[in-house]
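After this come two complexes, each holding subunit A, first together with subunit B and then together with subunit C.
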Partner chain A sequence: MADFKINHREGEGVYVIELKGYLDAHTAPELENAFQRLLNEKKFNIIVNCRELAYISSAGLGVFMAYIEDVRKNKGDIKLTNMSAKVYNVFDLLGFPLLYEIYKEEKEALSKFKTIQKA
Partner chain B sequence: MFPSPEGKFFGITKSEANTAVKPRRREGISPDSLPLFEFSNVVNSSLDLQFILSTVLLTTMGKMLVAKGMVLLRKEEHRFEVVAAKGIDQASFPKAFSIEKTPRAICKVDKLASSRLPWIDTFVIQNQKLLVPILSEGKVVGLMSLGERMSGTKYSAMDTHLIQSLVNLSGSAIAKALIIDQLKEANRSIDRKYQELNTLFDLSKEFNVGLDAEKVVRLLTFALLGQVGASKYIICLRNHSTLQIVAARPNVERTMDPLLEQLCEIRKAEFISDLARQKRFREPGVLLQQKGMTAVIPMQMQSQIKGLILVGERLRGGNYSKVDLEFISSLGNLAIISIENARLFKEAIEKQRMEDELKIAREIQQGLLPEDLPHIQGFEIAAINIPSKQVGGDYYDALARSEREFVIAIGDVSGKGTPAALLMANVQAALRTLVPIESSLPKATAQINDLTSSNTRGAKFITFFWGILDVGSRTLRYVNAGHNPPLLLRTDGSVERLEVGGLILGIIKTQTPYQEGSVRFQSGDTLVMYTDGVSEAMDSEGRDFTEERLEVALKRYANLPANEIIHRVQQELETHTKDTPQSDDITMVVIKAL
Partner chain C sequence: MASGIKIITKTIPSRTDHLSEVRAFVSEAASAFGFSDEDIANISLAVDEACTNIIKHAYQNAPDKEIEISVIRNKKNFEIRIVDFGRQFNPQEIKAPDLRRNLAQHRRGGLGVYLMKRLMDKVEYSFMPGKHNEVRLIKYLQKSVSIARR
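Take a look at the complex of A and B:
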């Protein structure tokens, strides 16, 4: 079975989750736990770096949907970065660019959070 | 569609999203001096419809010195969409509108204005003067409109001829680009289908290993959010007879349950708006509309509705199509199979566990019964115990206390299964401990009662009869603690009931001492002890065998040997109950004076 891994990084009030491998119905609960933990810890500025994300299924996308409202309600956001063309295609097909900020590079998302924090 | 290399639509914000998500179109080339052949080269070397149309529009506007113009493309039979507009405030203008009786040749807006075509006003308001049909393979695929010429002069025949030539020159390029667009759209719809299939595949794989209804429902919600894009949903499942909401976003109050129950009469996926129009679904339909629900999809297994999925508005906008509902249907049916499997699996395990427990109970109970009956001089003794499937907690005992004295006992514990068997073990242990001790029967009974009542705390009880048979005096001293009175059949045909004793065991610590009864055996007398499994053995219509009928039978067989009496009664019981499953243990002990 293909694996899936989540790494965590934190700095300057922004929390970065790095996804690695296959995010499907089988591994979706892991991402769910990761988001749930961040919410419990009141960390609402979240960047999901998809550089090493090889595959995402609809169930994986569903996890993003399940948490975005709670995060935004707390004046935070989930921003997505560094997607491969293949992964972006799935996001795009299902209309996610309308709902999420998607950046090429993590630092763009980071600076976006920072400008908001300053303001 | 992946972002262009410049990454033009990375970094969009939500408010910008609508415009930013589309790749930014290149502006058309406009110099009005562009020679026709060059124009032709430019448009024909492009496959970008937007670019081609913009170029046609700008070139024409340049040549004719026009400040306002637009291009519309036919999207459906009568629906045209604005794809390029110059000098026109698009915010004040509909993006798409219906155009019927499209002109097939260049014509003046003013002339059509009197034709009462409803759509012409849109062009009149924008001060458009000329309508140019865009033809491809003989079909009108679009429409270009041009405003007033800045020179103030009207469009001459030469002008319209030139305009028509420009449009005609780009005709094949437009046709090509249209096909490319269609292919792109077809490709994307294949991609979408592929993604749907992937989702089904992904979930079915996971559902199969899941075997946990809660997890299945969770994954189902992810798919609804991720694939379908439902911002609101309610999932309910049938648990035995009631429909229960197992997941909802946002949360809904449980009072919805009966309303949802009404929806179980639907046979296929339905839009709530359609249901709200039907009389029998009006109430749930209207309420669900208020809750923002758009469609209801039944979860079916073997054409039975095992649950419902309700979905509300889509996060990315747009309505649900029939195809969307079909997809949710597949998703739901897939999920319900795993949920049902999980339930059946759980039930099977539970059943197995109960059977294992009953097996233990049966083993305990059988272990408590005496392996061999003692040989009692001058008497005959026989006994039988047929445990029911659930193990009722019957007990009998017969053992020698001394050479002259024998203890005979029979009892029935309330309840069934292991708890009953364990309590019976308690009584048996107490009895066996007390038997060798020189103590009166009433005292010993009180002791057993005190012991069991402190163990059961009044939650269980035991009907109990025991006695000591003295073979020398041929008397039986006994105490009956609430048990069915044993019947003593005398040779003269009379029957005595052995009732002396006291309260059943296990209810309360002994308050009133137990009384002792005594009977003396004559040769040929038969004592029959039994439990209510005999007198209350039921036939298929729920009728008891009854004590009266037992007495009649016993009188008939009283002359037979002890084991034969048991055998005959057993036969009568079988005749009475026939195939009705035995609901309680059947126990009998027969002692006959020789």
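Take a look at the complex of A and C:
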């Protein structure tokens, strides 16, 4: 069975989700629940750190698509960071870099959120 | 075999908790065939997408149906043939996803079918109404790889 884990961190008005393992049609509902909880708690500044994400299929990408609009309507964003080349390739094939902010390092996404908060 | 064709088959129940098993099965066969790590990753993702589509669309999440996955190899071609006995759905009608439009409409469909086309050299569907549906995913062994294997 696919191994998938989500860790949560929070600080300075930004919420960080760390993905670990294999994100496929079987494990995607876990990510869906995590986003739903954040939205319910009105946490809209979200960073998804993919450092330990080994695999993603379109079922996983679909979860990001399902929540980005709601998050942005509430003046927040979902920013993605620390992807391996293999995982980035899947996002890239589907044109995600045009619509999502993807950063090499989490701190870049964090400073982007801070700039907006100060403005 | 005189023809040089080798076939191995695996049957799984129509449940997403078996997708990792399918990926492992296909990755092992692709690796033995001599594909690069990138090709192995692409092939196993394409097969995952095909099986996910079958579970969701052909079987509409019924958990007790069967999916047959066969790996067919000759010298140059690596083909995965995936058979289901569920409803026919026609992926040919699915166009390249327009991400902006999909986002606005909260739609997620079509991503998997599009990915399969991008990841493989050839994707073919055939339908035997009332019997089975079949998708064939084909990858050719690149020249550079064959040279490296000599």
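Methods note: the second predicted complex is superposed on the first by the 119 of 119 C-alpha atoms of A that agree within 3 Å, B and C clash if a C-alpha of one lies under 4 Å from a C-alpha of the other, contacts with A are read in each partner's own complex, and residues count from 1 in each chain.
Everything that follows uses one rule, which is that contacts are C-beta pairs under 8 Å (C-beta built on N, C-alpha and C of every residue); 3 or more make two chains touch, one makes a residue touch a chain.
Since we're looking at a predicted model, the values are computed, not measured.
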Which of the two partners, first being subunit B and second being subunit C, lies in contact with A:Lys5: first, second, both, or neither? neither
Which chain, subunit B or subunit C, is in touch with more residues of subunit A? B
Applying the touch criterion given at the start, work out whether A:Gly60 contacts subunit B, subunit C, both or neither, answering first, second, both or neither. first
By the touch definition at the top of the document, which applies to A:Asp92: first (subunit B), second (subunit C), both, or neither? first
With both complexes superposed on chain A, which partner does A:Arg37 reach: first (subunit B), second (subunit C), both or neither? neither
Which superposed partner A:Lys104 touches (first subunit B, second subunit C, both, neither): first
Once chain A of both complexes is superposed, is A:Ala25 in touch with subunit B (first), subunit C (second), both, or neither? both
Considering only the contact definition stated at the top, list the common interface residues of subunit A for subunit B and subunit C. 24-26, 57-59, 61-62, 65-66, 90, 93-96, 98-99
As the complex stands, subunit C meets subunit A at residues 16-17, 19-20, 23, 38, 41, 45, 48-49, 52, 55-56, 97, 99-100, 102-104, 106, 108, 111-112, 114-115, 118-119
Which of the residues in subunit A come into contact with subunit C in the complex? 1-2, 22, 24-26, 55, 57-59, 61-62, 65-66, 68-69, 86, 90, 93-96, 98-99
Touching residues of subunit A toward subunit B in the complex: what are they? 24-26, 28-29, 32, 57-66, 85, 88-90, 92-99, 101-104, 108, 112
Subunit B residues touching subunit A - in the complex, by the definition given at the top: 1-3, 7, 9-14, 17-18, 21, 188, 191-192, 195, 198-199, 202-203, 205-206, 215, 218-219, 221-227, 229, 315-317
